[in-house]
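Letters are used for the chains, namely A, B, C and D, taken in the order the chains are written, and counting of residues starts over at 1 for each.
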Amino acid sequence: MDIFDRLKQATPAEWTSYVDHAFVRQMGAGTLPQQAFRTYLVQDYLFLIQFARAYALAVYKSRTLADMRAAQAGLSAILDVEMDLHVRLCGRWGLQPGQIEAAPEHQATIAYTRFVLDCGMSGDLLDLHVALAPCVVGYAEIGRRLAPAGTAALGDHPYRDWIGEYAGDAYQEIAAMARRHLDDLAARAMTERRFSELAALFAKASLLEADFWQMALDDRPLTGPAGSPS
Amino acid sequence: MDIFDRLKQATPAEWTSYVDHAFVRQMGAGTLPQQAFRTYLVQDYLFLIQFARAYALAVYKSRTLADMRAAQAGLSAILDVEMDLHVRLCGRWGLQPGQIEAAPEHQATIAYTRFVLDCGMSGDLLDLHVALAPCVVGYAEIGRRLAPAGTAALGDHPYRDWIGEYAGDAYQEIAAMARRHLDDLAARAMTERRFSELAALFAKASLLEADFWQMALDDRPLTGPAGSPS
Amino acid sequence: MDIFDRLKQATPAEWTSYVDHAFVRQMGAGTLPQQAFRTYLVQDYLFLIQFARAYALAVYKSRTLADMRAAQAGLSAILDVEMDLHVRLCGRWGLQPGQIEAAPEHQATIAYTRFVLDCGMSGDLLDLHVALAPCVVGYAEIGRRLAPAGTAALGDHPYRDWIGEYAGDAYQEIAAMARRHLDDLAARAMTERRFSELAALFAKASLLEADFWQMALDDRPLTGPAGSPS
Amino acid sequence: MDIFDRLKQATPAEWTSYVDHAFVRQMGAGTLPQQAFRTYLVQDYLFLIQFARAYALAVYKSRTLADMRAAQAGLSAILDVEMDLHVRLCGRWGLQPGQIEAAPEHQATIAYTRFVLDCGMSGDLLDLHVALAPCVVGYAEIGRRLAPAGTAALGDHPYRDWIGEYAGDAYQEIAAMARRHLDDLAARAMTERRFSELAALFAKASLLEADFWQMALDDRPLTGPAGSPS
């Protein structure tokens, strides 16, 4: 069992609350309200910007040229490829680039991204990658879960673009690489005593991912239910 | 007008959503549910731990011995004084130390604290202190607002301990010092062009503070309204 | 006058000690001992690795996508292009990749690189780029200084590869861009009061660059003149 | 054998070059030139300032309140006690506070302090404390080495103040605590594979300490032997 599976096994309730969240189920069933998906898309774009910073931090924290180049490849993939893909996907849902960039970050977006950055800054590379794993590796699991018969079988599913992206071979390979990298880092710096700390961190990150889905379902503005003091 | 007042004036809606939040009003009126206050107290304790880290960061980022000593005094005040005060206040509300320390951080707690730490790490001392100001200086304003006739007039107000703490002279002086420090930092490093960036940061921090009150009113567990996938 | 020229003008002795150092003069005159140049080349390679980390830090510290992309371009240029160029240049001087990577960092290399990283981490983007400027922009000035009649006129100068690289149009344009970027950052965040702090930082970085040349002339191992206690 | 002894045993040449450096021997023999000692004292004061930043970093990086309080105690000891002691010791050697604070940092001071800070920022708490150990624990070993018959036997040794300080019980206990803390951190996060990386870091820090002694013997200004280009 690799480290990722050990982390999942150590935190079943938190992991399930994330990968089997109502947002995910509704997306799979095609019943997810379009507005929830649009809210998600916009916040996910803002999320990506902070994610790029996390990969830059990984370059800074690397102790070998190989680690630096690997993290730089991840950074470059986000800034040079994924953000454009994202803008195009947003475009298909009627969201203009200016609109996306001007959107304020939701509390859920701030919470998970800054948590990851703080784990990485205050800890080491292993802490950083464990905090990133629910996102990087989790999306591959969710993708497969929503396309159990393969991406070709998605037909005219309303969320086939998104599901196909993460269920597809290219992303599955990215996630597989991230798992192997986690194993390498753990072989270097993970004692058994440290595992329980990492599991706690993984659990927290999974809950924050679950809250990210919830934010899109609620579509609460940053200032709470009513958006204004009462 | 000092920098703090300029920041407030530049972000009236966000500032009001925080200092005039329903939680604050209900506390002032004595109608705040005790459970909401207890939730707040516990999260505020977890908040203080991260806050101490922010002051440690300020020591690290200081360029003069005077700045280092000032930040170290703040750090020491939190770790050596405020946390004990907090534990005692919690005790009066029936919360035991073990209970407080074992409590999970809410999303709102993570969001504001890690946002402050990230502002400080990615920016300079001025960014850090502007992100802290809604808390450090804002509590003094809220304290005065809830004790317009002075702390002696609070009588047997159910939240007199809390209000008296922040309306009292000692805390008012701490807040006044923080405002002067902000002015010193701004005199050193604030251009007019940068003011609008700082105001955006201040607005975000104020909204995250408003969400912190809201969290206590909602008392939502970390995984969203239902606490479980539906 | 741009910021870079103001910084030079404010620190003439330190700047001259660097750009007109004996190492530079001897390289220009073609009298620099080959061993000194080889020592320089190896340390400069180790320097580049830390330099890449500084650009990663600049990505992490950026507040706009444009700044992130600019810093990421610099990072990518170092990891994907310059390091290979450097290895090839080392090869022409008889230094094998394994030899270079196994070499211990000299004190001078540690001092300048970690100073830059610390300026960047404890300050803001402007501090970071001012600390980098003696290297990034200074090399262009040194290149032009050593090829006053152009790179074509270098003939069979023993150090024509190095001089041609930095006197050439491609590098001159990189340096010109770095100067413009410095001006942009200064327009955003430089008060006059802060200028004197930046000048002190620039002076220190210039002296550390001068010491980097001196290290190559002395070729002192890390433990001092005798390399062993006496 | 505790971790500190394992680190020493893994790097005997580097460790000896530091604790048995000519500066140390001459101090023990009472033949160290007063000017070398004065240079050392001034740089050691500047060193302490950066050291305080390293302890602030340790507070920031701590994951438990106990670790935070321990690091904060170290920070407070430096800022509130040791710096004053140092100023008084300097005073006995004819150095005025203004003179000390205005002194420029030597390359050796920059190299070791920024190396420690960078190890700590890019790694975890264990990296930070391993980088600090040659200083914190090494001074206790040097103190005992120079007062083999106890501090009372130092008589009117010209460096009895310094030797007595580090050979004395109070400092010996500080060093013993630092060793135990290192063991605690290692029990948490040190795999055998990581040990060799930590030993490399420890070796580098020891060499940088040796260079710090050498700097005082050479008393070279920051710009190299001649202090000016030739």
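In this section, a contact is a pair of C-beta atoms (placed from the backbone, for glycine too) under 8 Å apart; a residue touches a chain by one contact, two chains touch by 3 or more.
Predicted model, so just to flag it, every value in this text is computed and none were measured.
Taking CA atoms, the transformation carrying chain C onto chain D includes a rotation by 180°, reported to the nearest 5.
Of all residue numbers that take part in the contact between chain B and chain D, over half occur on both sides, making this a same-residue interface.
Per-chain CA centroids place chain A at a distance of 29 Å from chain B. Work out the mean CA point of chain B and of chain D, and you get 38 Å between them. Separating the centre of chain B from that of chain C, both taken as means of CA atoms, is a distance of 43 Å. Annotation for chain B: residues 53, 60, 121-122 touch two or more other chains. A complete topology is adopted by the chain contact network, contact being made between every pair of chains. Taken together, the chain D residues at the contact with chain C in this complex read 14, 16-17, 20-22, 24-25, 53, 104-105, 107-108, 110-111, 114-115, 117-118, 121-122, 204, 207-208, 210-211, 214, 217-218, 222-225, 228-230. On the side of chain A, the complex with chain D involves touching residues 60-61, 63, 121-124, 127, 187-191, 193-194, 197.
Residues 49, 52-53, 56-57, 59-60, 62, 65, 68-69, 71-72, 75-76, 79, 83, 101 of chain C are the ones touching chain A in the complex.
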